[in-house]
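After this come two complexes, each holding subunit A, first together with subunit B and then together with subunit C.
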Partner chain A sequence: MRKAIMLLALAGIGVMLIYAVGEMPPMGDSGNPDKTHVAPRYLEHGEEEAGASNVVTAVILNYRGYDTMGEVAVIFCALCAVVAVLGREKTGLSRTHMDVSRVKASVVVRTTVRFLVPVIIFFAIYIILHGEETPGGGFQGGAIIGASIILFTLAFGLPESTRKIPLKSRVPLESFAVIAFLAAGFTGILFGANFLTYIMPGLSEHAAETIRQVMMMVIEIGIGFAGGIIFTSIMFAMIREDKYELQPDSS
Partner chain B sequence: MDWTLNLLLLTLLLATAIAVIRIRDLLAAAIVFSAYSLVMAILWTQLRAPDLALTEAAVGAGVTTVLFIITIYRTVRKED
Partner chain C sequence: MSFSSHYSILLVAVPLAFAALCPIVGMWKRELCFPFSVAGAAAACFFIFSLWGKVISKGVVSYTPGGWKPPLGIQIRIDYVGLFMASIIGAVGLAVLVYSWRYVSRELDAEKIPYYYTLYMLLFASMLGFVVTGDIFNMFVFMEIFSISSYALVAITGQRRAVRAAFKYLLMGATSSVMVLLGIAFLYSTVGSLNMEDIAGRLAMGGYTSVASIALVLFLIGFAVKAALFPVHIWLPDAHSIAPSPISAVLSALVIKMGVLGILRIFFTVYTPGFAGIEGTWTALLQAIAWCAAISIVLASIMAIIQRDFKVMIAYSSIAHIGYILLGICMLTDKGLTGGLYNILAHALGKGCFFLVAGIIIYKHDLRRITSLRGLGRSMPVTAGAFAVASLSIVGLPPSAGFIAKWYILWGCLQKQHYVFMVMVLLGSLLSAIYCFRVVYYMFFVGSHSAEIDEGPATMIVPAASFAAATLFFGIFATLVLPSLSSAAQALLAG
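Coming up: the complex of A and B.
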């Protein structure tokens, strides 16, 4: 009986969904709602109003700036929750079960990682700094940086990794995204414009352009590096195991 | 040509999505989920959304898979 009702309900939802798909306008049609409201303005005025030739960056860092600030805060809150529950690792002392395993990462893996990680980080920095003009930006570059550090940790072990990127250099970077975003956002308000305005009123064109570029760089770099470090910290907190900790005097 | 590639990718997407739900071994499910993210990333580029494709490839296929695998290692591998 329950199964019959369930099947009936599912069939009803399915019929409605198929009906709705039939009513949808053709994909890519110029009369669609997504191309008639805000999109034309973003496409036509994005470069002069937001100052980024990549429209996605213009939307993320200017038109929908509050959304992005919320996202940055969400990532930071996730890190806070993980650290509150699991605690921090001890620099150079925390180990994982992989570090004490008898099967070490092979020479092939270690050499590949050693050659690959610098290239990946270089690519991530390119994505962060070039997000204004090409696809990419702070979030994407940050995720790639985080992934490269995770790769390094998996091949060389947690003690090596925490010695290279110790806790005391990570802590200031973790909150940098939120601080940079708020600082850049409220600079606009201080100058009498809106939140996250890059083009300050009452300045010469050349000075305004320089300020705009500097502010955008600060936000992109802030989101990028902070995002990467936050991913790294979450991973370190999750992977470390207390029972395998090295004794400080034995090393 | 474009059409066949999209059809192939969408079929693969559906297959991996169903596989993630059906597989009882959580480690295998995490790896299939990473394959799902990779197919999704290629689809985002097909839909002319390279920004999203970059995010999907780095976060979906890379970072979350590692976090899932760490979590599975520290809990249980089999779903009951």
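Coming up: the complex of A and C.
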């Protein structure tokens, strides 16, 4: 009975969605409402108005920067949720499956990881800083940083990783993205413009342009590093769940 | 530009900043987290209440972060409804935050406490962001923040039951968020804009009405889950009863009202009443909400009566009250809408008080069964008294805020001559009298507890008692709020 009702509801919603997709404006048609209202303005004036030749970055950081601030807060909120429910990692008391495993990561794996991680992080920094001109930016770079640290943890184990990036330095970095965004926002208010305005009134064109570049850079770097550290912290918190008693070393 | 013109953004940005800094403060000194977040919430309250003068004189206060004109950038648009909701969030949120200090310092592990306050401030800031925005995608972003933080706050004790309840809440909540997001996507494909007023203008130009009406259905499903309307209310009794009591109070008093506000915004600001092409769907859906709301009232009241657990009973009563609010709104008359909106206030205060009282009793005696509350009126006179006063409002007896709300809702039903709904509202009130006064009866008229006075801590008693006092205040001095609510209702009906 319950299953039948559920299937019926799902089928109803499915039929409705398929019908809606059929009725939608034809895909890729240049006369569609979504391509004739605000999008042309973004494409034509995005670079000069918003100060980023990558229009996607111009929209995320400038036209709809307030939304992106919210998105950054969502990521921060996800981390707080994980930490509030699972707690932080507890090193020393327990060890993970990886740490007690008889089969350690081999020398080949460890050496490769040791060589790869700096290169990956370097690439991530490039992605973050070049986001204004090419596809990429803080979110993507942050994911790459997070992935590189996760790779390192898989090869070297949690105690080694948490020794390299201790909790004390992670906590401020995790909030850094939200704080950077808000700081940029409040700077706008201080200069007498609206919240999250990048071009300050009353300054020479050159100075205003420099301030805008610096602010965008700070926000991108904030999102990138905070994102990477948040991924890392979530992973650390989850590893702990795989709890193994500390056994006397028999080897 | 004066500093006061930025209040409309600061009321979101300042609590958000406090939330982001809270873990850092907690790393330095854990005890400072509480005063720190109280400062953030108090600052937000200051900004909210300072805006009333402007909204009364101008009707709508608009602000554009980044300075981009509305369809290009995001617009913050504070109208009567938005500021009314923001004021409730500010006041209730601050009081419950003060209340939670003693509660969480005993119930939670020390290392979780900074994250409790962080999540609480995120919840607080994002609800404020949700009610003041004039952009549907921005609304979705804030909806995600308050949803995720409330899932986490339900599960924060880490007990198995709590995690299970939170997971059920998460599954339903995530599905509803997807519905809202799909609705936004469909709507964007037909109008190419995300600003509410701009969408309303472009929808009026016609074209693709079938896609727009399906988007409306998706929005309704999504927000109905958030509001816990029958038949998608099933997550609420578990989540609201198992969460820590201050969180139950916030979830019941504020978070489910966000679903109601979402429905209001979509049905009255985005798809304005009496629109060509979508009118049929619009009316049919409102009829459906009205019937679901009426069924909610009766069914949830009956469910509340058969409960033995105090907090589960209060949780079921919340579903009934969401029914009253939505029923009043669906009458589409100024009286009905005013009653629905007034019940948001009355229920926030009354139900907030109920959960805070339940929290004090759990904190002091760890009692959850209704029959075990006997004699508490003698040993905890203020706590039990607050419950008795608040139950007047929940039942809807004069001279309480709940009476005014139900009076206007009935008036709205009468204007549209929906006699069936009137009967259901009255029946619901009768049933709520049974479940509320049963508890009052056990507290005051069945005695076994010692007569010695043994009250909870002052920081817990004062918020609960002030909520109870506020239900009486807003019942007697209803004329303080009613004029702005009827202008809100008229503005909504005018589209």
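The definition used in the following text is that the second predicted complex is superposed on the first by the 208 of 251 C-alpha atoms of A that agree within 3 Å, B and C clash if a C-alpha of one lies under 4 Å from a C-alpha of the other, contacts with A are read in each partner's own complex, and residues count from 1 in each chain.
FYI, a contact is a pair of C-beta atoms (placed from the backbone, for glycine too) under 8 Å apart; a residue touches a chain by one contact, two chains touch by 3 or more.
The structure presented is a predicted model; accordingly, all values stated were derived computationally and were not measured.
When both complexes are overlaid on chain A, the residue A:238 reaches subunit B alone and has no touch with subunit C.
Legend: residue contacts after superposition of the two complexes on their common chain; A:77 is shown touching subunit C, with no touch to subunit B. Of the two partner chains, neither subunit B nor subunit C is touched by A:166.
After superposition on the shared chain, subunit A has more residues touched by C, the comparison being subunit B against subunit C. Using the contact criterion defined above for the overlaid structures, shared-chain residue A:14 touches neither subunit B nor subunit C, since it reaches no partner. Residue contacts after overlaying the shared chain place A:186 against subunit C, while subunit B stays out of touching range.
Legend: residue contacts after superposition of the two complexes on their common chain; A:67 is shown touching subunit C, with no touch to subunit B.
Of all residues in subunit A, those touching subunit C in their complex are 13, 16-17, 19-20, 23-25, 32-39, 41-42, 62-67, 69-71, 73-74, 76-78, 80-81, 83-88, 168, 171-172, 174-175, 178-179, 182, 185-186, 188-189, 192-198.
Chain contact summary for the complex, subunit B toward subunit A: residues 50-51, 53-55, 58-59, 62-63, 66-67, 70-71, 73-74. Within the complex formed with subunit A, the residues of subunit C that make contact are 1, 3, 6, 9-10, 13, 16-17, 19-21, 23-24, 27, 63-68, 71-74, 109, 111-112, 115-116, 118-119, 122, 125-126, 129, 135, 137-138, 141-142, 144-145, 148-149, 151-153, 155-156, 158, 163, 166, 182, 186, 188-193, 202, 207-208, 210-211, 214-215, 217, 221.
Across the interface of their complex, subunit B is touched by residues 54, 56, 97, 127, 135-137, 139-140, 143-144, 146-147, 150, 154, 231, 234-235, 238-239 of subunit A.
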